[in-house]
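This is the structure I want to talk about, given as structure tokens.
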């Protein structure tokens, strides 16, 4: 199968290329870059030298359609919704890593992304690309909206509970999430200047992060009613990794072992979700450069509050790795092909 | 005035020495170290060379009593409660930076610290050394129990609300705290080995950290009823800094500006608590090596949940700086003497 | 083919397991750990959970001989020389990642390693495992002494010049090397305690590092006379990566392009050595988690001094990756099998 | 005394403000910022809130002359040489932290700084602000050119040797220097974007750094002949600190103790240079946020090569601290006033 990446020079495009290079079943036949069109990728990113050295192209829907069976869009949100409809109209399957096709309700888009959605009629076609939730739909999909990094860590932490709607009091849901800096992308900024964010820690977009609505959309569907929770992201002085600490009151008496058992059962056949015993806590380093999501369930028995801890690599399970997992489903590969590596530690 | 530090070679003892050296009003006449007795401190910690080079002594209550007016105990908990009574009996004023004299109820000690308290009758005498709460008592105290680093960040974040007990629903209180590695002390361990904790992030002692009871003790007194909340600490891949993100449902409709106003009013005369406008969020780097606590108040208006963000340097306002602030009160110095430096950034 | 790792829980043993898991041509049938015998590796290192979960065994030469065709010894130096002879006597091929079989002259061993060599008669059998230098010998070897991390970076930086002995003045050779902390191993120590080595940089073992004699041994053979150079290693506040900056006066007038051409020619068929144009400088991140050595050649024309910059990942090309490369040669695999991944960046 | 800072928002201007705030003998009466004119500094840099909150002004020579006795110019090179002559003509004493007045020979300027010098006639007036070398001249100076960060670390490492010209073979001099990222300033760039330079290490401007000529100028004067050496700077994944490793062949047999003795003697009365015994090596963390330069002397006895290791904080002794030291000399304060703090560790 022939695949392409549009927007290859950013961090998610770059990570896609790294993973697809080792996949074994696909050929990377087309990569684009707006800023570096005509240049060899190895000249921009020397770590690719003598390994894989594609020349970056300007985006052309004709060329994409001719050269590929499936395109990964690693463009920023806002730009992706301009290109994806062209690709779909030309019959190319698309996995979009931006936020542009994740919200079923186009009216939510301007509120959280500060612009109108320019292709709302494609939203119906898009499947939310969380394989643990929509595996069968993804297999048949032509357009997959790859979930955000935070939503992946949070939704995998809540799925087994959300389908048991009444077990928890969803009004009490608080998510305190922490992300490494690569989640903010490759464009330099004051906040991500090394002397500013090394040895520093802070919250940002408190109760206003744009990933909130896609989490509420999916949780609402599962729980069966509107969920409006508090989400606070923080910036960690490190490169990769998201750890979400999720707080939720339970409506029933249940032990740590029982709730861990529910999760273990739910994820028993999931290759990329690892439910840890309560004695082991997730660490971002244990999923570094890997496609795994590690989960622990802890109970504050003094107030019957459940604490769910979820760790992923934001660039892998939170972006490119999950996109490859979706590609595997869409193109008929084994779901784990190209994704079964040992996480990098130390 | 002559002061001493017992346990000078650990991180809090070391930070005390740094601050006291620049204080201007005290002379450091006595320092002890169990492991390095007889050695010059500059041989253990070369950053002191040619600046201040005391010789470490073995602990002797007679020598302490003879040479000092006030002793800082920077011993580990468990060891401090063995030495402090001797010092008090010899008439030396003590500021204890361990946890040993923070809990008024001796029965709580074995539950959280895994041993019996060996000097329970000194607990009545001890004042909890949070100047913003107990300033007048500290001025008259002979034994001050310096608060823990997490409790300092959390209590300063909650004081103005706690004294208005009914404004918040205290059953909903969740504190998600994150600390740099220096809080764990100077003794090497697998978890703090550089290749294990750099580029890594994790929670620890989930809903079981030993700082929980001192926070609940103080909150309970202020709110006027038992407060049993969920506290989850995390380890940040950096050296200094604590940021606590505090979640709490409000019982009344109130705006972000109003709650910020309440805090600004409460802390108007406090030199070391800075209430930021809601447009600026605390960053640990903005209090680095300084004695400040920065606070922001944010409201998730969709569910009327208050989010309080609190940042301190764990070794300064969270330990040695606050101890110096307490010393200033106890010995009649200006409260801010020796503590008015610009935080180190970058 | 069946392979084993003795000393699997340290950083090189761990990295071997990561690489061998993805190799495709070998089965890991035997792993040992002195400290964790009887335990599942996944209980010690949770990043392996549900991926590869071997049980650690105590070392037994009979079991090793029965279960494996080749053993990687990732034991510390001093311990390895006790076990390797047993394995060789039992007919098992061995790749030793310690320093124990690198020095042909047993008399050098006590000087640099502070103990007598206990198996000097095996030194003759051992091939120094730098494939770019001893490829043919390695193919036929039964015992390979895998080079040290610093020597790999330095020797690859000097090979093309060393075989042209007179081109350089070898008395002027200075190597200033910098390594990430994982090179020091997994055992915690004061120096590698996070708060001590983050935001810190220092030299260590100045002109006295134990890797010096193996570099001098190999350079002496190539240059054709004794080479006694100055080697100063430094500790970088990061996990992985070595960058060596090598200084050497040239005896002839030659341009940067010409010397780059000599290197490019020499390494034209080497998969894992990348000679960069002088406009691009090596960065450790460009070889992160990969088996590559990146080289740049710069000339200080004002004094005709050559500056060679060499970057590797100390755990891959500097240890486990090179060991797998050697295994490939010894067992008849394609030399690059299991080693052709894109380095991890960011 | 009244002092001002032009260019206060960059890292050196910011560090000057931090140090001058605690100086005790000066009042900061004037600060300028091109980009933030009219704004309170606390709005740009919140760590100053409630401590020192000057309003940034646009540069005006009249205002500077009226409000200050001495101006620190923390402008970038190229900009400083436009403003400094105006200030000097208006009778204001100036300490210039840029490179613009460091080179006595104006002809060197365009070669290393890629533009013509626009105020060459002021070069004669400027004193190179290394107090350990030009103390008496600085006391009488009206214009001081504060040395670069690398030159400070290198020259302090070489002074005692340079005045004994023949003891060393100056043709063999190689300086391998490593700097934290704050030396590159506050403006974001791709290279200093956190995910690019954390966990990364590289050389830059190999044998071409613009600090080379000022080092050669000063060394040439001391040694008594032209010195043309090799200088290679590297970028460390940390915020503060420079460590220079200096290599030089000796012309005479001399022991490590003897050369250490020469250095100790030379610097016996220098407050800010600490010559360590050869058993202790400098670490950047031991001078963190302090004005000290730590030096060790090591000998590679096998080839009679001296290795000098020199550590400073690039923003303090390498910039703002040294500027305050110069101000103290120029204005008649005690040389160490405001600079005697314990370095920050951990």
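Chains here go by letter, A, B, C and D, matching the order in which they are written, and residues are numbered from 1 within each.
FYI, contacts are C-beta pairs under 8 Å (C-beta built on N, C-alpha and C of every residue); 3 or more make two chains touch, one makes a residue touch a chain.
What you are looking at is a predicted structure, and each value in this text was computed from that prediction instead of being measured.
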item	value
Any chain in contact with subunit A as well as subunit D	B, C
Chain pair, B-C or A-C, that carries the greater number of C-beta contacts	A-C
Between subunit C and subunit D, centroid-to-centroid distance (C-alpha), Å	38
Mean-CA-position distance for subunit C and subunit A (Å)	36
Centre-of-Cα separation between subunit C and subunit B, whole angstrom	46
For subunit B, residues contacting two or more additional chains	11, 180, 182, 186, 195, 198-199, 237-240, 283, 285, 288, 346
Subunit D - residues contacting subunit A, complex	11, 180-182, 186-190, 192-195, 197-199, 237-239
Contact footprint of subunit D on subunit B as seen in their complex	11, 14, 17-18, 21-22, 45-52, 182, 186, 198-199, 239-240, 271, 274, 276, 280, 283, 285-290, 294, 315, 340-346
Interface residues, subunit B side, partner subunit A - complex	171-172, 174, 176, 178, 180, 195-196, 198-204, 206-207, 228-230, 232, 234, 236-241, 243, 245, 247, 281-285, 288, 296, 298-303, 305, 307, 309, 311, 346
